[in-house]
Amino acid sequence: MRYALLVQGAPYSSQASHSALRFAAALLARGHNLECVFFYHDGVYNAARLAAPPQDEPHLMDAWCALNTEYGTRLQVCIAAALRRGLLDEREAARHGKSGYSVQSPFELTGLGQLIDAGLGCDRLVTFSP
Amino acid sequence: MILHILNRSPGSSLVYREALAGMGPEDRLLLIEDGVQGALTSQARHFESLGGRLFALREDLASRGLEGRCDASVQVVDVDGFVVLTEEADKTVSWF
Amino acid sequence: MQYPTVPPAGDVLVILRHSPHGSSWLREGLDAALVAAAFGQAVSLLFQSEGVLALVKGQGPGPLGQKGTSATLDMLAMYDIESLFLDAVALARLGFSSDELQLTARPVDQAATAELIAGHRLVLTF
Amino acid sequence: MILHILNRSPGSSLVYREALAGMGPEDRLLLIEDGVQGALTSQARHFESLGGRLFALREDLASRGLEGRCDASVQVVDVDGFVVLTEEADKTVSWF
Amino acid sequence: MQYPTVPPAGDVLVILRHSPHGSSWLREGLDAALVAAAFGQAVSLLFQSEGVLALVKGQGPGPLGQKGTSATLDMLAMYDIESLFLDAVALARLGFSSDELQLTARPVDQAATAELIAGHRLVLTF
Amino acid sequence: MRYALLVQGAPYSSQASHSALRFAAALLARGHNLECVFFYHDGVYNAARLAAPPQDEPHLMDAWCALNTEYGTRLQVCIAAALRRGLLDEREAARHGKSGYSVQSPFELTGLGQLIDAGLGCDRLVTFSP
């Protein structure tokens, strides 16, 4: 089946990201496809490229990126939720006259329409919230 | 059949009431994260209307040291079982 | 009070469980509903639990001019979101009646809530 | 006298019970943010043990359209009154 | 069960209301307690509501190896944090008894909780 | 009196920052001093330098900075909470081998000891949480 996940919890603050990643691994192991993970509300903080967790803790961002590399899962971040929270890719940073950027590929800033598409287009959408 | 997923404990959050209100007679409820507290023998009465349709995630029970304290009415599933529950359901609804 | 026994079905049901101002859940849920409608989906809203407070008249900006959500509610009709429901139990518990609200929403009880959820292809809770 | 500050509603969170448990006989409770829902006539019974020691923040009531619906047992204060309450207290404790 | 009528006073009381794994509140609260103790303050801990689950035996890592807090509890003694209290009502509500816990903490009732809060100069809730 | 604030809520996601800023303005207007604001838990996200909120909404970061400029209030961010959440100043970014940075002056990354100092050293500590 084609799955999509919606993640709404900030990494390290809530268990949402951990639960979603564990669920992702299990569904892939059962032969399903994970089309995309959509990050909304505080879930957008998962895309913060500078995250530097202690070495004895899971590196959530690396785990997200591995989903993209190994399975082609798209990592889509709600742009409206991201901008107000300080998560800008190079293009948005330029557009807002800011130097530097805080989001990079494979995370992509995108509109909420992608969430609706994923929710209606995939066979299953599973939400992990704080 | 719809799979409802609840990640809050009935001891601190009242969202479990809305989760129950949203459930049809065939729907299932899976307790995850802090929600697994609801699977304790002392707490499971909040979900007694569900009969055999109450599930709890084994890994979240185990990491909290609660695996041995589940009520007999609760079906404990691991994360593969969680995926199976989503396969069997028409859709999922998360309550938090 | 009359409860619909068979609420209309649709593509997307957005359940709003949070009150205005305290968090961004309500606003972000409404945004998801507006976008779904703009993409041509048939959208229903269910104001549940504290979410019914979104419908209270006379709301204003929060501290520092924090935007609330009542202006967004006025946009629902423009987006053809007219399938509005509210949690009758929660409204009564908070001491409000339906005719005191900014918008008209159909009160639903527990059975109708479950039917609403079953009747939509995608259900998002905020 | 200690000022306790509560920002959650008794209709969704049970933290108000711990706030009440932590209060001494002279302590005061100020409801802010979503906590002001507790000041509604329909909700104030949760705090009836406090007598005249229950306060609610006017700005948070007003922005929610709830200012006219407060219970008579609640003293409504604006943010300057909030500061005064902290001046008069030995310390503050926030419950969330 | 005996409740202390006059709990010891101290500099800093850290109230832990959240359970392990579900959020970072418990861990961040414990970190604040350890730092306060390292700075030479007399620190007390109160495990309240779901926070009493921090004391349950047999906890392990969460998904992906997410660290829990039980190893941190073992460090409390090293930091001379020995003034530990727990919410007797919450423990009973969850169906546990004091002798099933990883650490010894004195059960407190409502009156003792208020005295604990009054008896410390700084109270932080997590 | 000498006040300190502890802010634990992410900006825009919870009302904590708005409430704290309003309270700060009121205490300053009454002639008190605001020695510092300490950011912990998701409150550290208030220090995200790239925040780009919509123009019709309050710019919380600018409001924090104004407290520092006008009243000398120190803006202290728990370094451990910040690093795992992707909030690094130039020094920490260099130390972790990352290009770019997400926190800048007047916000300062500092240890939790500053929170204890503020709590015990000031006359009042008021906490705003999500």
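Chains: A, B, C, D, E and F, in written order; residue numbering restarts at 1 for each.
Note that in this section a contact is a pair of C-beta atoms (placed from the backbone, for glycine too) under 8 Å apart; a residue touches a chain by one contact, two chains touch by 3 or more.
Quick caveat, the model's predicted, so the values are computed rather than measured.
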Task: Same-residue or different-residue interface between chain A and chain F, half as cut-off - done: same
Task: Whole-Å gap between the CA centroids of chain B and chain C - done: 26
Open item on the list: Can you work out the whole-Å distance between the CA centroids of chain A and chain E?
Closed with: 34
Open item on the list: Please tell me the distance, in whole Å, between the geometric centres of chain E and chain F computed from their C-alpha atoms.
Closed with: 27
TODO: Give the residues of chain C that touch two or more other chains, as numbers and ranges in rising order.
DONE: 17, 21-24, 49, 62-63, 66, 121-122, 125
Task: Multi-partner residues of chain A (at least 2 other chains) - done: 12-13, 15, 19, 22, 41, 57, 125, 127, 129-130
- [ ] Identify all positions of chain B at which a residue touches two or more other chains, and write them in rising order.
- [x] 7, 11-12, 14-15, 33-34, 59-60, 79, 91, 94, 96
Open item on the list: On the basis of the stated criterion, which chains touch which? Give every pair.
Closed with: A-B, A-C, A-E, A-F, B-C, B-D, B-E, C-D, C-F, D-E, D-F, E-F
Open item on the list: Using the touch definition from the top, list the residues of chain E that touch chain A in their complex.
Closed with: 21-24, 62-67
- [ ] Show which residues of chain F lie in contact with chain A when the two form their complex.
- [x] 10-13, 41-42, 45, 48-54, 57, 61, 83-88, 92-93, 96, 98, 100-102
Task: chain F residues within the chain D interface of the complex - done: 1, 3, 8, 15-16, 19, 22-23, 25-27, 29-30, 32, 124-130
Task: chain E residues within the chain F interface of the complex - done: 11-12, 24-25, 28, 31-32, 35-36, 38-39, 41, 121-122, 124-125
TODO: Spell out the part of chain F that touches chain E in their complex, as residue ranges.
DONE: 6, 40-41, 80-81, 111-113, 115-117, 119-120, 125, 127, 129
